[in-house]
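Structure first, commentary second.
Chain lettering (A, B, C, D, E and F) follows the sequence in which the chains are written, and residue indices restart at 1 in each chain.
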């Protein structure tokens, strides 16, 4: 039987850290459903259609990867997609507690669904979509941080942008 | 002499984790003053009156529990209520650092006031008011997460709501 | 050769914890450039001019301290100021992970720049600009938390202010 | 193709937390090789033969589970067993950093091997073999903490034992 | 009714951090039973009799404090002493996870017993009995770290001692 | 004036992570005194003479680096060497709390001495002398983990060694 897992996220935009997790997940799972969260409340840089499109382009040659936008409970999405595993990256420098909280709530809502945590490559351990957006908005170099297509899209869509927050 | 403690929070809405902490606190303290924060800046789902009312309903048969809305410094509230103890739940999966920071600032503002930390039941260790609101907004089941009255109020007040943020 | 380091932050407003880090940094570095972040996106209490001015007043008698507003990448600012060291305070009760993430991203953007972490005095380990603003807004005493000039400015600028968020 | 993973540990003795992780792992992997560390340096309560035997007894009716003692590098063991996945439990209250350190070293030694982290049931989040031994040595009740066979073995082997360390 | 709590530990030796926790505990509890762990397995610097004696001397004028050596399960000790509360200090820089693990195991063994966590004064947040012993063994000054009696006892018992471990 | 810092540790043996910290430290400090702890209590693989000798060999061409064995309080050593700065590496995956505890105790013993924390290269963030010894003892490849000289010394001194502890 084919093993299928869901990899949920905002992917706004997808980073090399996400790509790395997908590639690691494919060692174990025959099919990965990349679930792109449509979030009406959260302000995203790219629309869910754009985010789905970018990820599809990146993995268009990779068998076993499908990309879908979703809205609602992740547990409902997993049920509908007949997947009882969710994978999540766990960065060495990361919101461990947030991930555990979500995984435990999901277990409460859907006890048969399991969350598997994978470590991305160390070199992506500081990487997040938010940090990518901040560096981009300050005209920093994104090389090695996002796939080439993502950088192109960012430059196309936002010829100039500003505003990096340094916590005080 | 009667021992009195203050249990402050937003309680927007009160969860079973909060209820559990209150019950544990009552083993030690003769009187618990539930202090419901009126926060003009923070957007709450329920008004402070509604939040006070829900908690009062839940504990109307429990001697020793009183519920009050408050605004201002917690240390001033504690002084006015002649309580020199604050209790706070500390979840295994929790913002430990936030709690310590607040407790230390409160100690600076009111050196005689002591903060006592209690662990809720493990089964509530992933629970927060925010997570409850998110699950509710996505039409997830709240059974076991909040008192029945709270679920009823949520369904009455918000026939349909959307928008769960998954951190990317 | 003179050793120069950059100390970046929002400083909205500068606290005694920041002052303490600056004084510790001056034991090692001959020159400290206090880099005040102009952040168009983040809502600050004081304008960057006001923040620069407050810090200059505090250190006007301290040789080796200069204060500059900046916008853009910290790494670009450091290059322009011919400094290859950034110092950051690391509080015992602190966002360790945030600091590491920023430092690693900065290392990616500018491999020759080094981030040095210093511990402030323990008595400031719970202190942050945000907490200062919250206490002030609730009319709490700021003694020992900020330099006298900062308290004066706060009282001058905001005769009355409200709204402290207690996380639930 | 069958998916095989290795679950390494000292299992001195196996606890209900370990059993829980094995059961969760079997949702994904067709075969789990329980790798019982023979550790000449570390003082174990049960010999590796005894530990292997206990685990075999517990899973004798569970298809897909095999139990082997091993010595040496885990990465060599995984290679020899043609498994490129290791699973490890990650408790909410746990040595996260130790697990990450080991997983990263293993990735250095064997880049194709992946470590997957699973969360045990919350009710086992405080459980460890060491704590089981300590509670047993102080004649505490082990019900719910270890499989029945393990408790029997402990009582058979050690009619009376003492010495629980409380950190000061 | 009198409120009684147990404060367990090795107290080898008692530090000013422990003394601080006892004084804070006495604001809430009418009686504190200091439970000095007799640990046959763990190598202590002072015998349990010496440790009990030191603490008794320090608190001989403090009403409500009693000191007892104990061996076995803390939960059994608490039952025998008719106390259903345990207090533990939680240092800002501390083994939070260890404390939670112990508290959760104790809750499993004795569901009616509650653990309350108190923060010591910030100035003791780095202090532990082990660190005191290490500093002493290297002839460092113990002023402000332990009660005067403890320093005297250390100097009487160990005219010269060596061996501080710096982790590499 | 020349800036001098002390870099203390057991260095049993020195790893590439230590070497990396030394190189980063040399960007700021004109002189680094590598202080090799002679620890009569702690069982080391290499004698302090051997450890000093290995480090001297590695840095024999690097101006500004001196290597000394020391015993006693680090603060006394720093005073004697006229250095008022200690540097320590802080790994992303690291005993942050241990480092803070030691730094705070050192500040208590010698208020003028400052501890500066530096991040090693991410690729060394999981590396420690203990892990190196464990991998070596299990005949694992040390390439990239320690300087070539260290690997040679290990192989010369210990033709075969066993015993890696996996925490259960």
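Criterion: a contact is a pair of C-beta atoms (placed from the backbone, for glycine too) under 8 Å apart; a residue touches a chain by one contact, two chains touch by 3 or more.
These numbers were taken from a predicted model, which means no experiment stands behind them.
Traced through touching neighbours, the fewest hops from chain D to chain E number 1. Of the two chain pairs shown, B-D and D-F, the one joined by more C-beta contacts is D-F. Matched by residue number, over half of the contacts between the chains of A-F recur in the interface of B-D, chosen from B-D, A-C or D-E. Residue numbering at the chain A/chain B interface overlaps only partly, since under half of the positions present are found in both copies.
Between chain A and chain E, the centres computed from C-alpha atoms are 47 Å apart. Centre to centre, using the average C-alpha position, chain B and chain C are separated by 33 Å. For chain B, the set of residues touching two or more other chains reads 92-93, 95, 100, 104, 122, 125-126, 128. Here, these are the chain pairs in contact: A-B, A-C, A-D, A-F, B-C, B-D, B-E, C-E, C-F, D-E, D-F, E-F. Against chain C, in their complex, chain F makes its touches with residues 3, 24, 27-28, 84-85, 90, 92, 96, 100, 103-104, 107, 114-119, 122. Touching chain C in their complex are the following residues of chain E: 92-93, 122-123, 125-126.
Of all residues in chain C, only 8-12, 37, 39-42, 71-75, 95, 97-98, 100-102, 104-105, 108-109, 128-130 touch chain A in the complex they form. Across the complex, chain B meets chain A through its residues 93-95, 125-128, 131, 135, 138-141, 144-145, 162-168.
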